[in-house]
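Presented sequentially are two complexes of chain A, the first with chain B as partner and the second with chain C.
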Partner chain A sequence: MKHKKLKFIFILAFLLTIISTQFAYAQDDVPTDDEVNEVAKGLYCPVCENTPLDVCPTEACKQWRDVIRTQLAEGKTKEEIEQYFVDYYGDRVLAEPPRTGLNWLVYILPPAVILLGAVLLFKNFQAWTKPKVAESVSNQERSDVLSSSKGDSSSANKYISQLEEELKKRN
Partner chain B sequence: MLAEFGYGVLVLSFIVTIYSGVAAVFGVRKKSASLIESARRAQLLSFPLISISSLALIYLLVNNHFEVTFVYEVTSLSMPTYLKITAWWGGQAGSMLFWSWLLAAFTSLVTLRKWDRDIEFLPWVIVVSAITLAFFLFMIVFYENPFSRYWLVAGNVVESMFKPTIEAIIFTPENGRGLNPLLRHPGMIIHPPMLYLGFVAYVIPFAFAIAALITGRTDDRWTRITRRWSLWAWLFLSFGLVLGGRWAYDVLGWGGYWGWDPVEIAAFMPWLTGTAFLHSVMIQEKRGMLKQWNMVLIILTYALVIFGTFLTRSGVLSSVHSFANSPIGPYFMGFVSFTLIASVYLLIRRWNDLRSETEMKSALSREALFLLNNLLFISILVVCFWGVIYPLISELVTGFKVTVGPPYYERAAGPLFAGLLFLMAVAPFSAWGHSTLQTLGKAIWKSTLASFILTVILFFTYTQNLYAIIGFFLVALAIFATLHEFWRGTIARQKTQNENFFTALSKLMMRNRRRYGGYIIHISMALMAIGILGIELFQKETQGTVAAGESLNVGDYTVEYRELASWDVPSDDVNYTRAVVDIYENGIYLGQLYPRIDYFYDAEQTMTIPGQRSTFRDDLYILLVDWQPVSNAGATFKIYVNPLVNWLWIGSLLFLFGIIFAAWPEKETEKEKVRVAKSVTQTSAAD
Partner chain C sequence: MSEIVERKSVPIWIQMVVWLLIAGLLALVASTLSKRQQGSIRPGDTLPDFSLTLFSGYEFEGQSEVSLSDFSGKIVVLNFWASWCKPCEQEAAELEEAWKFYNGDVMFLGADYVDTEPEARTYLKKFQITYPNGPDLRTELSQMFRITGVPETYFIDQQGVLYYVKVGPFVSLDEIKSIIEQKLQ
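Entry: the complex of A and B
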């Protein structure tokens, strides 16, 4: 972990020297904080877990925002700056994994599972709403047996249908 | 001395808990009532034992015993006593003790109930809670011991429970590190216990479900016994989530309440299955259907509770490798897998006994719509679960971490939540058993018309954003439809009972707490949706550095920087830096706000406290980002305008009221049944 941090600081220092040498050329058109934040919003720093760069209060993130500012001043676009950060720190700086390779799973799996659930539910609906005759008889028996053992709940059921009826009439 | 005592009692409680589980199993096997009774008493003993151990820890915390590692990590001399007490759940080891204490308390409450005709559940309820409790106590006793201390061995400080060598002497640091300042906020003091209460309370319905599976008593007895438990569990979990959101809004300084952070999602996932369970269990009670599904839901909820604790406690989120190195991670993983496999095995064994007693008659019946609701909740769960898990999978497979952030969740969850709002509007009007499009349409057209008119007005006066328009329409529909439901129930009762409107309304609600409490919750959810739509779709922000006398503009607001002061408060060990800004709306002076940065010396951490002005229309939320320390010449502010966000908090309050209303104990149930049976002949309303 410490090793990582050191590496990170080194890279930062390196970047800062590049920035400071280039800063002189870019000074006349300094991007506003809002322009910087607009780019920073979509980036996640690898030091602080799950905090977008535009609101991260740490010193490291402040320096990152300065990197963005410099690059904006150089005329780079949002995409170019994002790519720059990806090249240095990996895909984890992006708010979402890029749509490549294994990462497609992120985007495909949930809709697939949900669709499967919906299909299963729909099939069951069909099965439920069109019960086979023989089965429905045995089920009738079953429910008769069961309802005799649960007096209170079946009376509550009657009660409910009565209320529903009542409410329907009054509507 | 006290540390050893506390630890000793803890070990004792661990042994007693194991005994209660084992005795219960043997009691059933040998059909020995006395052995089961012994198990019950052992279970009851675990609570006072863990309480004594916790008291010992609290004593150490309050009295600055920094030789105890845990005390050193979470308290410092400058902290007030109440914070030292709440530091109990402010760190890993303490919070696990707190978890165990709550579980022992809840299990004891259940054990003390009148069992009468449910006596066959008792031993298995004891077994399930004993296994859970024993697992947590095992972790505390062997890996996360809050009583472990610092020792000086040959000039080095080492951590150990007992004297590591003969020459070792206790090492006492002069001051502790202090509780993370972010956790010193009132919201954060209540937030974790609320979440834990919710988490732990779900163990009880799960224990009964497992007892039902083992004993084969698969009728709806277990859901009836645990109905109120799951409602209270849901109450605490919801309250915990809301408090967490409010805390984030007030303290974290990013102008929001929810960031789709894995830690948040860890607490949100059991809430999703818990909410689905609350709905689908009603179908089982009314129609004898979905018994298998309810079992699945309660098992999932329990697994997600443990999984959520695991996610937040094992360090797995920061990296798979830190998880593997953490002493407790693999055990947690093992425990989640064990309970899940065992529960699923039991469920499959009883699968056929859990068949529905009745058939689904119509795809528009209330039970069908409830099923759709369940599908939506589970879909959100799938999205959340996968979003939390995928970065770990990616790290394992490719070696690289990725971030799955808010855009992923928002894109997926947005339409699903919209679907839930729609169901909220429609479902109350569908009847149990059978509904047609015609009956539904007839019931809901008035609300639809009213919502449509309101949306058209909003379109011309407030926003043309398509998402907002759809969202506001659904919110309006849910609120109008629910109010209409109150209305028609009251009118029906008014006519049959000859009561005036308010008597009729209050009696209707009091006699059907769960139903009308549920409707209040629906309305509150719709209100919360207004706040979420507002902040998600219309949030404005700006940031800039200004000198005294200069101003920043955002929306209709102008924020003018006046002055800034920075001072130390030695008694609190904190430095405060406070800016004063004047705020104007369209040129009209509104007053002053004081955004602040607090620096905590003991924890070496800052905390950003926003200056806030809150109205029903929007919140002005100003953060002090930076300042020039010497000259006081300039300061950097970040300013958010968060439209409608107050409705989120208003909705939350109504939400709490709704759940408490629904969960409030009714009069003696037996009497109630007689009364219900009698009143069928009259016509009032039903649960």
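Entry: the complex of A and C
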């Protein structure tokens, strides 16, 4: 009797182990919503403009997410799935345009314009600061002229007084 | 005082390169904008030849791809639809009925717009559609016609000239017939 009971428990445990393993396998095969959304966020449905596929509420987008889920379950990579959508619906489904042909402009132009702007700004800053330096030099020259002209002829004095008048006017 | 500072001028070759780049960019923007402003294909326009890859089971005489030029001398009815499009369901049965009514004298083609194949097949089965149907791959066909949505139907005459555009679903079989009859007489 005891033997029979043990045998029954052993078979039950064995069956339960098999069932639970199968269940675990089945669960592993179905990609989670997060896994689907990871691929979906890089895609845009042409029907719902400017809405990434992972947050798009329409029926069409739901169907697309189901396709992603199926393909993930088949073991396809993110790149392979994206390529499938590009082949089927065109480049415009991609969140980032592929780096080919004229699309390169999208990647090159903005940094190039920023760089050009930075260079122009730098050059202009230089130009704005240079006149101040020139003015200070000219002040130095002015004081040199003033000191060297002390005790000189009347024409020089006249020039100096004229110069001082001009400077007063400026100030 | 400002004359004291001598500014170094930018070398002429750099100026030329910059101007050329700006001119090139403007030309590119202009050509893209002009293409977009062209608008949709209008009735009276002769259509360029286009092809449609067909779903398996919906081929035409064993061909998995058909072109407009394959049907010269026949009226072609090109219908854009999608399985997620509810108004498309209103006209699905009428289109199939019209296809059967003309029994091949008028060519009907279905272009499935931005759809997934399993759902498209379910839709075709549900409405028992038998005329050639296929996906609008890479949305090239819909972009060529610049469709505004689905359903949208284009009627092309025997010479390949577009003569009628129906935006939205047909209300009856008679409506489809009346448009076809304009060119059959």
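FYI, the second predicted complex is superposed on the first by the 103 of 171 C-alpha atoms of A that agree within 3 Å, B and C clash if a C-alpha of one lies under 4 Å from a C-alpha of the other, contacts with A are read in each partner's own complex, and residues count from 1 in each chain.
Rule of thumb we're sticking to: a contact is a pair of C-beta atoms (placed from the backbone, for glycine too) under 8 Å apart; a residue touches a chain by one contact, two chains touch by 3 or more.
These figures come from a predicted structure and were not determined experimentally.
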Output check: A:Gln63 vs chain B and chain C. Expected answer is one of first, second, both, neither. What do you get? second
For the overlaid complexes, name the partner, chain B or chain C, with more touching residues on chain A. B
What is the contact status of A:Glu49 with respect to chain B (first) and chain C (second): first, second, both, or neither? first
For A:Arg92, select first, second, both or neither according to whether it touches chain B, chain C, the two together, or no partner. both
Should A:Leu72 be classified as contacting the first partner (chain B), the second (chain C), both, or neither? neither
Given the touch rule stated above, what does A:Leu102 touch, chain B (first), chain C (second), both, or neither? both
Have a look at where A:Val39 lands relative to chain B and chain C in the superposition and call it first, second, both or neither. neither
Chain A positions touched by chain B in one structure and by chain C in the second: 46, 90-92, 102, 105, 109, 131
Touching chain C in the complex: which residues of chain A? 45-47, 58-60, 63-64, 66-67, 86-92, 102, 105, 109, 127, 130-131, 134-135, 137-138
Residues of chain C that touch chain A when the two form their complex: 1-2, 4-5, 7, 25, 28, 82-84, 114-116, 119, 135, 137-140, 143
Parts of chain B lying in touch with chain A, wherever the complex brings them together: 219-220, 253-255, 259, 261-262, 285-288, 317-318, 357-363, 368, 371-372, 375, 378-379, 382-383, 386-387, 390-391, 393-394, 397-398, 400-408, 412, 431-433, 439, 442-443, 488-489, 491-492, 495-496, 541-545, 606, 608, 636, 638, 673, 676-677, 679-680, 683-687
Inside the complex, what are the residues of chain A that reach chain B? 32-34, 37, 44, 46, 49-52, 55, 57, 90-97, 102-103, 105-106, 109-111, 113-114, 117-118, 121, 124-125, 128-129, 131, 136, 139, 142-143, 146, 149-150, 152-153, 155-164, 166-168, 170-171
